[in-house]
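Two complexes follow with chain A in common, the first pairing it with chain B and the second with chain C.
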Partner chain A sequence: MPKAPAGTIYRGREGMWSWVAHRVTGIGIFFFLLVHIVDTALVRVSPESYNEVIATYKTTIVGLMEVLLVAAIVFHAFNGLRIILVDFWSKGPRYQRQMLAGVGILWLVLMVPFLVRHLSHVFGG
Partner chain B sequence: MTLTTEAPGATPAEAPSAIPSFQVTMRLRRFNPESDTEPRWENHTLTMHGTDRVLDALHKIKWEIDGSLTFRRSCAHGICGSDAMRINGRNRLACKTLLKDLPLKKPITVEPIKGLAVQKDLVVDMEPFYAAYKSIMPFLITTGNDPSRERRQSPADRERFDDTTKCILCAACTTSCPVYWSDGQYFGPQAIVGAHRFIFDSRDEGAEQRLEILNDREGVWRCRTTFNCTDACPRGIEVTKAIQEVKQALLFRRV
Partner chain C sequence: MTTTTIAAPRSPRRLRGRTNTELYAWLFMRVSGVFLIVLVFGHLFVNLMVGEGINALDFAFVAGKWADPLWQVWDLLMLWLAMIHGTNGLRTVINDYAERDQVRMWLKMLLYVAAAFTIILGTLVIFTFDPCPAEAAAELLPSFCPGA
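Up next, the complex of A and B:
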C-alpha cells in the first residue's frame, strides 16, 4: 500500500463506461483528422512527398492502426445516435442499456466483414 | 443517541440463531482532520447476520470497536437521506443496502461520497449541494391573489412530476456524476430533479425563471447522460429522464 492510499474508482455501469469510450474514441478521431488534414494538404505542397507519406500508410502497422480507427469511428457513430435518442426520444433514457447493446451488435455486424476484408489486404498484400 | 431495532450487546447468543450469520470485513476509508494529512483505509472483521445492513455494520464498529468512527444517519430507514456513501464503489444508502446482497468474500469498501469535501471519515460538507438546490428555487411560485381554497390539480397533471417528488436530498445522484466531480459549479442532477418537480407542476408559475437558471453554462447542458445518477438513486427516480425533460422544455416549449 502506498503512503496515501487512493480511493477506489467509481463503479459506474454501462452508461458511464460508454461515455468514457465515447470520449476516448472522439478524441482519438479528432487527432486522426488533424493528421489526415495535414497529409491531404501535402498534395498541394508537394505531390512527391504526398506519395511518400501515403506509401508509409501501406505498412502492416498502419494497417492495424486503421482497424482501431474504423473500430473507434463505428462505435462513436452508433453511440452518437444512441445519445441523440437518449436526449430526444421520450423513452430513450429508459432503454439506454438496450440501445447500447444494439450499438454493440451493429458494431460487430460492421466490424466482422470489415476485418475479414481489411486484414486480408493488410496481410495478403 | 437514538435506538435502532437491535439491543446492542444483548443479542448474539439468543434470537439470531435462526438467522444465518457470517464473517464480513468492512474496509472503511477514514480521515481524521486532527491527526491525518491523508485519508487511510481501515479494516474491521465482524460477525453479522443475514438481516443486517451496511449501516448495522457501521453501528457495530462505532458502538463496540471504535467510537471515533464518524458518519451521518438519522432515520436509518431510507427516508431521511443522511447516510449516502460509496459502498463497493457505488453510491448507496447504508441503511438500504443489505450485507447479504454484497459479495462477502471480499472486503466491503465504504467511502464518503465523491465531489464534496470530506470533513471527517464518511461525513462530507453538504453545503455546496444544498446551495445548488436553493438556487433553483424549490418552492411554489405563483402570481395574483392567493385562492380562497386549495389549488386544484388533475391526477394527470400530478402524475407529470410524480417521479421527482420522491427525492430525499441524499446527494447520491449528484456525487455519482463524473461532471460534478470535475466541475463543482455544475448544478448537479439533484438540483435539476428539484427544479423538474416545480417546472412540470401545473400549479406553479415559476417555470420560466427556473428554466432560465438551468439554461446556464453550468446548468442542464453539462449533463453527459452517463446514467450514474439514475443507477445511484435510492428512491428509483429516473434522474437522467428528468434532466432530459428539462432539456426538452428548454429546447422546444419555450424558445
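Up next, the complex of A and C:
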C-alpha cells in the first residue's frame, strides 16, 4: 500500500474539515452506542441494577457529556444528509458549501432548545 | 521467453472476479442514514426533551415504552441500523489507517465480534423483556404491573 507522507493536509478548507468532523463524530457515537446497548441490557438483570446504572446518566458530569453526544449526533445527521445530497442531487456538489452553512444553522436551531431543556433538567433536578 | 497476459481492452470488470459489495455498502450508509435521522431524533426527543427528560429515565420508563409494540419495533430497527451503519463506518476507518495486513485483519475481527455481540444482546433483551419481574420491588415497576 502506498504510504502518504505524514502531516499532509488534503486541500484543507470546509470540505476536508467537515469530513474530519463527520468521521470523528461517527466514531464517537459508535463507541457510545456500544456502551449504551450494554447498559440498557441491565433491564434484563433487575430493575435495581438498571436504575443504578441510569442514575450515573443523571449526574452533572455525565449530563454535560450528553450535551457533547447530542451535539455530535445532530451534526453527523445533518452533515450526513448533506453528503447524501452531494452524491444524489445533480446540483449537490455545486451547493456543498451553502449546504454546510445550512447544517450549521439547523444544528443551532436544534441545539439551542435542547440545551435550554436538558441543562434545566441537569441543573434544576 | 515469458509471456505476460494482458486483459483485452474494455473487458467487463466482472470477468476479473470483482463484486459490487462496496457499492452496496456505500448505498447502505446512505439509506440507513435517512432512516436513522427519524429513529434517532425521535428517540432523543422522547427520552430527553419530553416531560422530565433525563430525570424520568428508569426501569418503569423503559417498561412503559416497551409495552407498546411501536417502541419495540422502533428500538429494534434503530439497534440494527445504527450498529450496522456504525460498524461499516468503522470498517472504512480501519481500512484507511491500519496499514499492516495483520493489524487490519485483527482490528476488523475485533470490530465484527463486538458488533455481533451487541446486536444479539440488544435483540434478545427487546424480545425477552419482562416488564413485571416477580421478585422485584413493587415501587420500581410500571403502574400496569399486578403488584405495583
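As a working rule, the second predicted complex is superposed on the first by the 114 of 125 C-alpha atoms of A that agree within 3 Å, B and C clash if a C-alpha of one lies under 4 Å from a C-alpha of the other, contacts with A are read in each partner's own complex, and residues count from 1 in each chain.
Note that in this section a contact is a pair of C-beta atoms (placed from the backbone, for glycine too) under 8 Å apart; a residue touches a chain by one contact, two chains touch by 3 or more.
Keep in mind that what you see is a predicted model, and the values were worked out from it rather than measured.
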item	value
Per-residue contact with chain A, leading partner among chain C and chain B	C
Partner chain in contact with A:Gln96 - chain B first, chain C second, else both or neither	first
Which superposed partner A:Met65 touches (first chain B, second chain C, both, neither)	neither
First, second, both or neither for A:Val109, with chain B first and chain C second	neither
Which of chain B and chain C A:Asp87 touches, first, second, both or neither	both
Which of chain B and chain C A:Arg13 touches, first, second, both or neither	first
Common ground on chain A, meaning residues reached by chain C in one complex and by chain B in the other	1, 3, 83, 87-88
Contact footprint of chain C on chain A as seen in their complex	1, 3, 23, 26-27, 29-30, 33-34, 37-38, 40-41, 43-44, 46-48, 50-51, 54, 57-58, 63, 66, 70, 73, 77, 80-81, 83-84, 87-88, 113-114, 117-118, 121-122, 125
Contact set on chain B toward chain A in their complex	29, 38-41, 86, 88-90, 109, 111, 114, 176, 178, 224-228, 230-231, 238, 240-241, 244, 247-248
Chain A-touching residues of chain C, taken from the complex the two chains share	30, 33-34, 36-37, 40-41, 44, 48-49, 52-55, 57-60, 62-63, 79, 82-83, 86-87, 89-90, 93, 99, 114, 118, 121-122, 124-125, 128-129, 133, 135-137, 140-141
Chain B-touching residues of chain A, taken from the complex the two chains share	1, 3-5, 7-16, 19, 83, 86-88, 92-94, 96
